[in-house]
Amino acid sequence: MNWTWFHRLGSPPYIYKLAGTLTPWFAWAAALLIAYGLVGGIVLAPPDYQQKDAFRIIYVHAPSAWLSLMIYTTMAVSAAIGLIWRMKVSHALAAACAPIGAWFTVAALGTGMLWGKPMWGTYWVWDPRLTAELVLLFLYMGYMGLRAGIEDTQRADRASAVLAIVGVINVPIVKYSVEWWNSLHQSASVMKLGKPDIVLEMLIPLLVMFVGFTLLFFALALVRLRAEILRRERAASWLREALA
Amino acid sequence: MTAELRADNLHLWRGEQHVLRGVGFVVSAGQCLLVTGRNGAGKTSLIRTVAGLLQPEEGRVFWRGEPTGVDRSRFHSETYYLGHDAPLKGDLTGAENLRFGVGIRRRFLPDELRAALARTAASDFADRPVRTLSAGQRRRIALAGVLLTTATLWLLDEPTTNLDASGQELIKTLIEAHLAAGGIAIAAIHHPLELDARATTRLELA
Amino acid sequence: MTGGQSVSPWHVARLTVERDLRLAFRRPAQLVQPILFFLIVTTLFPLALSPELSRLRDVAPGVLWVAALLSSLLALEFLFRDDAQDGTLEQFALSGQSLTWLLFAKTFSHWLLTGLPLAVVAPISAGALGVDFGSMPGVVASLAIGSFALSLIGAIGAGLTLGVQRGGVLLSLLTLPLAVPILIFGARATELAIKSEPYGAPLYLLAAFAVLGLTLAPLAAAAAVRIGLE
Amino acid sequence: MTGGQSVSPWHVARLTVERDLRLAFRRPAQLVQPILFFLIVTTLFPLALSPELSRLRDVAPGVLWVAALLSSLLALEFLFRDDAQDGTLEQFALSGQSLTWLLFAKTFSHWLLTGLPLAVVAPISAGALGVDFGSMPGVVASLAIGSFALSLIGAIGAGLTLGVQRGGVLLSLLTLPLAVPILIFGARATELAIKSEPYGAPLYLLAAFAVLGLTLAPLAAAAAVRIGLE
Amino acid sequence: MTAELRADNLHLWRGEQHVLRGVGFVVSAGQCLLVTGRNGAGKTSLIRTVAGLLQPEEGRVFWRGEPTGVDRSRFHSETYYLGHDAPLKGDLTGAENLRFGVGIRRRFLPDELRAALARTAASDFADRPVRTLSAGQRRRIALAGVLLTTATLWLLDEPTTNLDASGQELIKTLIEAHLAAGGIAIAAIHHPLELDARATTRLELA
């Protein structure tokens, strides 16, 4: 089997350039999709017969929540790759993901709380899903805290990788908490096997928002990844050549 | 293959610093490598790299012809590393420290323990909690541990630190006996150690 | 040269546990500290709260478990700390023995010295919070199993924070999210036991966590410790 | 020979506080840890207890104060520990300056770094426990003053446990009995604040404790540290 | 009274051991006392007793003719003690360590700080966190602290530990300059320090 592609992925200069090329594409696509999704969701979709307009928070809430989980998984997988194959770029990617994931988690929590007030009459309840999402935020913070606590980049990489991998256990807990425990929170209506039970006019903008958020994540992650690579490789010769 | 330690083109960065720049050497059974160099030259870093506690960016260390990373536990079971600080528990006595510390590596009889302590002139205080020992007394306990382990490869970082004149002499005798029995030693030193020149290689780090 | 008999894994584990127990018994004051801490925290609540027993009994599972968790966390900080400082951990890593196994032995003796005693004295605190005598077996069992799982999970965090100065609080931060399921099921088991309802289900879940921890945590801890030694 | 200008007590204190702040800011992760710990502990309770807000509000003062106390205690362990280990404390004692004054400066910066931030973030936890927004000033004030008193009292314990390995739990044991009055009055002030009743009386008592601590604790701590250095 | 340190008939027990048995000496301005003795003889104990960190069971230490316990803070403001381990914060740079560590004793200008660091050849790494320094580099930072304090009485426990050959020489030069300026030094040593014989007294502990 030909492994050159894999080794190329491990090379900082290659990734640095690749990321630079891809970022604008992702950024523009994200902007367009999110704009369309917002218009579609907030203006065009009909109000919910039960929730009236409050349900429109879903267009930010659900994609943020999905991404908070997806980003954690991405982070853990790339940390694992870094740990196993000693790939520096992979660690850099994991480090780049963490703050973005944390912000999406904050967004999911924040919009969820805003939504909770009209729906459940309170901003916060100690419900399994909500709690697990909060734990996810703590995990992100623990990850960043551990990184910040260890000066040496390589040691920080590997130590935090172990944590990211161990913490991945929480992802299925968030995902399936609604089914395992009876929860106040909505159970999966879109992200599930079989047909989604939500009307099409509501669904399409939601999916568009989801794809838009994902691309936004890609764009942000690549920008941060480039910064990470710059920081790590500041002594390397290829960088001096690239910048000269 | 007979005992032989080889390092090839080791490159190590510590933070911003390129500490080891292509260091290489071969030491075979009955030989001692004395590592010298000014403060900060990289002696400790080299010894820790050989022990496997630091990962070099480039280059490898071979033990009996095989990279040390391949069968790490076999390599480690033949190696003993003694760093700047002796790995002793203040609340245990010297003898207890050795019983547990060396005990996880090999079984030995109480007599062997006593003999090792006697050789480093540590018998008198081996039954006092290490916490109450002077700096040099601690080193002597740790040295008894080196003997008791019967490892083939000794990695010693400034072994004479804190030792009095008789202690300096002791280090010399111990290393000589170890080499005579076919062992290998790598020692970082600042003060000259008058070992038999034929058995000694010097490595000056810059 | 490398002579002498080789050592069996059991011998290695026995020596490691024996060493930790001996160290602990050298300072008997230390032995009773986690217990006293647990007892004091559980008595603080009635002070800060209200002395009505009925209300206390309602919060008893929560108080017992939070106190147990905190007491575990406090003690966890020392699981590897001393050994890291004096170089023992380095010698473990260079001993040619399995680091995973050595760390497991250490974690086990840590539980023997901190978690188990806590479960044993829990009836005192529980009694003071108004729990009936008949509920005690459930309380003790859930705390014993739960604290074992906590020690195992904590070992990962303790390994990870080795290189970090004042890792204590960071350790708590890393361990708590992972400990939440244990807290939830443990408190649930205790609550059911106090209400004299069957508490088998959450207890089995707790045991499942402990088994999961048993298989994974020492591996992760060993990886973490290796990194920490660099 | 002993030349150079002599140094004023203010300069000494400023340098000491500046050093501690700089050390803390070198590791920003450490700075937020006590806060996070506090937030996490206060969120643990609802998990172990029950998620009903009305019931939570009842226990809120107790939970907040116990969490604050524990977070203080955890942090206290490091008040002198690092300085003792690396010999800084020895140099303090041999500096020719007043050890009492130096230790007071250290205690003050410790409060700045652990107690004060905790009081500042308390409204978040209080909110999660169902406390109304209007009650927050009382909650914050009582925690700020209380944590200062706790730091002072803790300094004595931290000094006394210097010579003791793994002093952490012993430190808690020594400090807790002295901290109980603070806990009681603090929780009382917070409770009154939550119920929107006047909470001045317990708050003044808390302040009185802080002043008492201010005059006595550094003296006792200095004596304790001198003994610990032998 | 001019600078003079006198110890009279010091007796010190450590645990079960009678470590100092009637030790006495006088050192006056421009003089150095070299304390030698085998490991565990009591060198560290003696120096810590003089510094006031240990209380002797019998005997007293006099500074400028007065018992040191009487005006402790004046005695301490003229004394600097450097023990087996350097009192440095790993997270601060070398320069910061001195700024805060020595700063509580006297005010000095940044230039003085730079000069002290230059004299111990520590300028190159004075701005790196001490945590990342080698054993000898740390000692050099600590030695710059000794200079910067401008104390009259230096108490040095094995000052040459971890230092390379140039460092050994440095210690000698620094002590000589200190004595020439009317200072007093007490140093515990294992390796001979070739100081001017007229300015040196030896104390062999048994």
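All chains are identified by letter, namely A, B, C, D and E, in their written order; residue positions are counted from 1 within each chain.
Rule of thumb we're sticking to: contacts are C-beta pairs under 8 Å (C-beta built on N, C-alpha and C of every residue); 3 or more make two chains touch, one makes a residue touch a chain.
All values derive from a computational prediction rather than experimental measurement.
Note on connectivity: the fewest chain-to-chain touch steps from chain C to chain E number 2. Of the two chain pairs examined here, A-C and A-D, it is A-C that is joined by more C-beta pairs in contact. Distance from the centre of chain D peaks at B, each centre being the average of the chain's Cα atoms. With centres defined by CA atoms alone, the chain at the far end from chain A is E. Between the CA-based centres of chain A and chain B the separation comes to 48 Å, rounded to the whole angstrom. Chain B and chain D have Cα centroids lying 45 Å from one another. For the pair chain A and chain D, the distance between mean C-alpha positions equals 37 Å.
In whole angstrom, the spacing between the mean C-alpha positions of chain B and chain E is 30. The multi-chain contact residues of chain C, meaning those touching 2 or more other chains, are 27, 82, 164-165, 170, 173, 176, 180, 230. For chain B, residues touching at least two other chains, in rising order: 15, 90-91.
Shown for chain A are the residues that touch two or more other chains, namely 131, 138, 141, 145-146, 149, 151-152. In the complex of the two chains, the chain E residues touching chain D come out as 3, 51-55, 73-81, 83, 85-92, 96, 99-101, 103-108, 129, 150-152, 181-183. Those residues of chain A lying in contact with chain C across their complex are 83, 131, 135-136, 138-139, 141-142, 145-146, 149-150, 152, 154-155, 158-160, 162-163, 165-167, 169-170, 173. Listed in rising order, the residues of chain D touching chain C in the complex are 27, 29-30, 33-34, 36-37, 40-41, 44-45, 47-50, 59, 61-62, 65-66, 69-70, 74-75, 77-78, 82, 164-166, 168-170, 172-173, 176, 180, 183-184, 187. Within the complex formed with chain A, the residues of chain D that make contact are 27-30, 32-33, 36, 40, 43, 46-47, 50-51, 53, 127-128.
Here chain D touches chain E in the complex through residues 1-7, 11-12, 15-16, 18-19, 22-23, 26-27, 82, 86-88, 90-98, 102, 229-230, going by the rule given at the top.
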